[in-house]
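Heads up, there are several structures right after this.
Here come two complexes built around chain A, the first alongside chain B, the second alongside chain C.
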Partner chain A sequence: MKSSRHGSPWTGLGTVVAKETADHLSSARMRILEALVFLTALYSAYLAIQAIRQTIGESPFLFLRLLTMTEDPLPFSFIGLLGFLIPLVAIALAFDSVNGEFNRRTLSRVLAQPIYRDALLLGKFLGALLSLTIALVALWLLVIGLGLLLLGLPPSTEEMVRMLGFLVATIAYGGVWLALAMLFSVLFRAPATAALAALGTWLLFSLFWSIITPIVTTLIAGPPEGILGPRLIYLDVQQIIDRLSPNTLYAETALALLQPATRALGPVLLSQLEGAVLGAPLPVTQSFVLIWPQLTGLIAATILIYAIAYVLFQRQEIRA
Partner chain B sequence: MAGDAVIEARGLTKRYGANLAVDHVDLEVAAGEIVGILGPNGSGKTTTILMLLGLTEPTSGQAIVAGFDPLRDPLEVKRRVGYLPDQIGFYENMSARDNLAYTGRLAGLTRREIDERFEAALDRVGLGHVAHARVTTYSQGMRQRLGLAEILMKRPSVAVLDEPTTALDPHSTQEFLDMIRGLKADGTAVLLSSHHLDQVQSVCDRVALFNRGRLALSGTVTELAARVLGGGYVIDVEARGDKVPELLAEIPGVVRVQPLGGDRYRVDGQRDLRAAIARHLAERVELTGIYYATPSLNEVYARYFQEARDEIE
Partner chain C sequence: MLKRLVVVAFLVASAGPASHATLAAEPNQAISGVFLTTRYPVLTVKAGETTTVDLSLHNYKLPPQGFTLSVPEIAEGWKATLLGGGQPVGAIEVGPDSDESLQLRLEPPSGAGQGDYHFTVEAKGAAQDLKLPITVTVGKEVPAKLKMTTNFPDLRGTATTAFKYRVTVTNDSGRNATINMTADAPKNFQVNFTEAYGSQQLTSIPIEAGKSKDLDASVSLPRETPAGNYKMTIHARTEQASADLPVSLTILGQPRLSVSGEGGRLSGDAYAGQDSQLTVVLHNDGSEAARDVEMSATAPEGWKTSFDPKTVPEIAAGKSQNVKMTMTPSPRAIAGDYQMTVRANASGGIDESANFRITVLTSTLWGAIGIAIIAVALLVVVFAVARFGRR
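For the complex of A and B:
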């Protein structure tokens, strides 16, 4: 029996977003993760600043180097750390978002209020995304403040634009993991199972994707080397499979935005390099053109995963 | 739809694959009426409630709740209906006040309305003194009361209470039943689902008995007793002597005689037979007592399902 519903699907959305954001920002879980991310990221930035101070005249993009330099004893740069830890924070924010309502037996009580499931699910997603955004903006401002204090120089306009683009990309990257964790929280009634599934996916993309990619590529496109050297078809297929991982899309976005000398994010033929001044920075607009597919890919992945979670949630019976 | 009916369901059906959970249920509840929904687990009570609330979609049939179709206008229905689920949950890290404020905001109440209503609602259910305590410190009984406070705050036309007294001690149960009577006094129609038949009988105006997804019986307890027990009047007789059951069975209008132990017998009659029993027994045996007994919903229920089982076998 089908019938059109009356009333806005977004009724109550603001209330859910406000409640979810307040819950996340005041939860012990979020504070612990924030502390972990802030301390490691700030330490990484601090180490980079110490190194930069020795060679302050070598680069016009000091603030960008601050984010991309890797200094001992940490094995990661600031962006490497974020790429590794943001999924963890996102998973922690969303792995029990829906099944938690079932288990607390609050779902039927909440949905008995004049609100559609659409608003509840979107409100939960936006609440978590807003919490993540607040934490990331705070971290971003802290790093800039640290740079200002220790380097004694303000960032240039171009650096600010690039760092803002990087911030947006980081939020989009977090959005993918939030949507994924939310999908698992709809799929699995036990929060522990949902968390394990999300962490498993995170490990797959963080650690094993680089191992899996060449194997799958060889199966599809044959050996990497031909008689005349590397085979282009192999490189293309490898890149396509590699980019199925949100981590790759995020890493490429960060690379193109924060290392202005990056001119391409895939195989480059010698003919394409004709006339190019190697090592010269790309204009910021060109860098954005370069990362546009990656950024839209991250946003599209978020929407796609969220849509799957939405359909599954709509089909679930409310009674626990 | 009847003039003052706030719930009217016609042919309401819900099918899960091959399983027919609710089968063509017709139900009507008037404003200010308390109707008990009874039946074994899996008989379709909660699914019917969820369909009336717009929380699950009927496979066929139609319902009008508080003037709106739950399928087309679930938001309007939910604005006018208060629901207390069988196993109610609250956000443990939030206070009672904050829990109510959240659902109040979802219900479309303004901040001012919430401030005005929450205190009165919590006072009415006896939780005013712990309004700012976290719900994690609440007992199960307090949570049930908090659920009722949420309904009171909403001031609905219809309250749907699914097993509200489970996990309550006898004293709290009585208090809770008084609160349900209070809802009726406010003009709220109450749909009460429960397995506690004595409680249902004490508080409900009418009863709807579900069996295998169908609404098998509906009416007042007396009406149900007349249909199931074969007599609408139940009379308890105390008499000493030989063949008292046989003598009672001779009286025209007696449907059934049931020994209760000792010198006590229960008579199901088609009408008030107290005078006829007194006349018939007075000269034959020693009659020591004769009382009009309200037919018990427990008996109606037990007999109905015994007969239903017998029919299947």
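For the complex of A and C:
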């Protein structure tokens, strides 16, 4: 299979991205999803603001509390809601991206143009990611605006840096699910199967992972409690398995960024806490150092899943 | 006169026995004339005291007449003044059947001793020359006297010691007195008087004759007072008497250390598992040099701390000394704030410490590894493109 390419593989990428983004942004599917996410997320932020106005007098990180507070009647905080709903949006955007074209028999027609498959797949991915990013940035700005309006004070520089980091992490988290849904749309010819597979994975990670983790950990590392109390090896293995889920990675990132007092995300020995001033906020850079593995993990996972989808797509017979 | 007696006899005859008692109550019907009298012509007074003698000039049944007043006999050195109605008077008139009161004021000379002093007051009228001799005896007087004692007149301590003298003040004079307490102390020394076992500060205290009271004289002095011997005098005064009590204070020099960071900062940064330097400033704001100052630190488990120099042989009074502290947080330390205590021990039981807040930063090495992971993922994509890219 030695062959040399004529022209750049990026040819037509811009066109594909523009077309895909335009399609997404004007589609009814996207509007329904946006309405769902915006309404629930804004409602949760609004409830948090109400609670802050009533209860909290002074806190150096008021704006961050707005994103992390859980208020009745919603069972989620703003970040919990995003962690739950963003995979849904990403899956909805990408589950039929490739097999949909195939089933409508438009794939051969598109590829008859001077566009490589590379550009088509990357363009579809980037188009979906761009749509998701636009929606998320809009939501992020809305929440900040709501906070400014109802709390009546501006966020500090540190808060802005932390919230920007949170936005990037949210986009990366959406990217993982986009890439996964795209992988399934390459893998399965029927869009319904692809959607089901993607939703199944979403359910697995968002609902059942916390049930599966202890079972698998016990199988690998033995019982959680030893004679002298909790066993460290069990905790370590549990954490490793837990962190296979992008939801865990995202939740940890959001927690460390938006709650500055978070100093560690794993099990901490009592000896490590000796002399520590608890409740003191970590410097921004240290919070980023803390979540750097999680953030890079999310980004790397996105790239890797995309690479698999790419390899599969390249090897696929598409004439039909 | 005869005619009047006849009338009275007539009245007696007509009124009977009941009216007779009325007549008996008129005792001076037989007396007539002008008299100069005083109640106590011989009296005893205290030495040094001005005495006033009340005199009375009475006229019985005589027409009004005037008298020239004088004091022809005055004891030597004394000053005698006749007063009428509060003013010095030289002559007096007295109406029939009335009396006028006068005062003789006698001022003794200073240092008038015991003994009898004779005076005569003379009232000279047209028909009469009245003389009234008065004798004043100066009695034996108890002189006003105060006594002040303390058990421990010489106290010793450092400038921060609470010095207290227990002073017993005795009023040995014959009269109750209010005693003012003052003290002559070196500049900036403050002396406060309180009643013994009491807390209320006072400036004067009443003491009955012959009684004594205990007072506390507490001395507070500036912390910067140099070592040395200081003399003070406690004074007790009344109008008549005073007593002085010399006391002394021996102030010993005292070093006083303070531990802080550079510019007063009590915080610093350190990387987990790496050496970090922090400058600790030792300042001696006491009045004597601090000797053999030894540094130590209490840090969380797994931390290493060392000082350069570990011991400072001497820090002169008012001088500062920088000590470099090298600390190495545990490699497993979690990022964030930690508290550590830096302690300086000097000879003489001086133990000073300061709490430092150390922000532990973790190495950004993991950040680089994270970027490497992303690079590897991108390399995989590049490889896939190279391997599977189609024409």
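Everything that follows uses one rule, which is that the second predicted complex is superposed on the first by the 317 of 320 C-alpha atoms of A that agree within 3 Å, B and C clash if a C-alpha of one lies under 4 Å from a C-alpha of the other, contacts with A are read in each partner's own complex, and residues count from 1 in each chain.
In this text, a contact is a pair of C-beta atoms (placed from the backbone, for glycine too) under 8 Å apart; a residue touches a chain by one contact, two chains touch by 3 or more.
None of these values were measured; they are calculated from a predicted model.
Room for both chain B and chain C is found when the two structures are superposed via chain A, with no clash between them.
Within the superposed three-chain model, A:Gln314 lies in touch with chain C and out of touch with chain B [touch as defined at top].
Of the two partner chains placed around the shared chain by superposition, chain C is the only one that A:Ile299 touches, whereas chain B remains out of contact.
Using C-alpha centres, the superposed arrangement gives chain A a vertex angle toward chain B and chain C of 160 degrees, stated as a multiple of 10.
In the superposition on chain A, A:Tyr116 contacts both chain B and chain C. For chain A, the partner touching the most residues, choosing from chain B and chain C, is C. Remark: least CA distance from chain B to chain C after fitting both complexes onto chain A is 5 Å. According to the touch criterion, the shared surface of chain A, contacted by chain B in one complex and chain C in the other, consists of residues 3-6, 116.
Against chain B, the residues of chain A that register as touching in their complex are 1, 3-7, 11-12, 15-16, 19, 23, 27, 104-106, 108-116, 317-320. Looking at the complex, you find that chain C touches chain A at residues 299-303, 330, 332-340, 357, 359, 361-362, 364, 366-367, 370-371, 373-374, 376-378, 380-381, 384-385, 387-391.
Against chain C, the residues of chain A that register as touching in their complex are 3-6, 9, 116-118, 263-264, 268-269, 271-277, 280, 282-283, 285-286, 288-290, 292-293, 295-297, 299-300, 303-304, 306-307, 310-311, 314-315. Residue ranges on chain B touching chain A, taken from their complex, read 46-47, 50, 53, 55-60, 69, 71-76, 78-79, 81-83, 85, 87-93, 102-103, 105-108, 147, 150.
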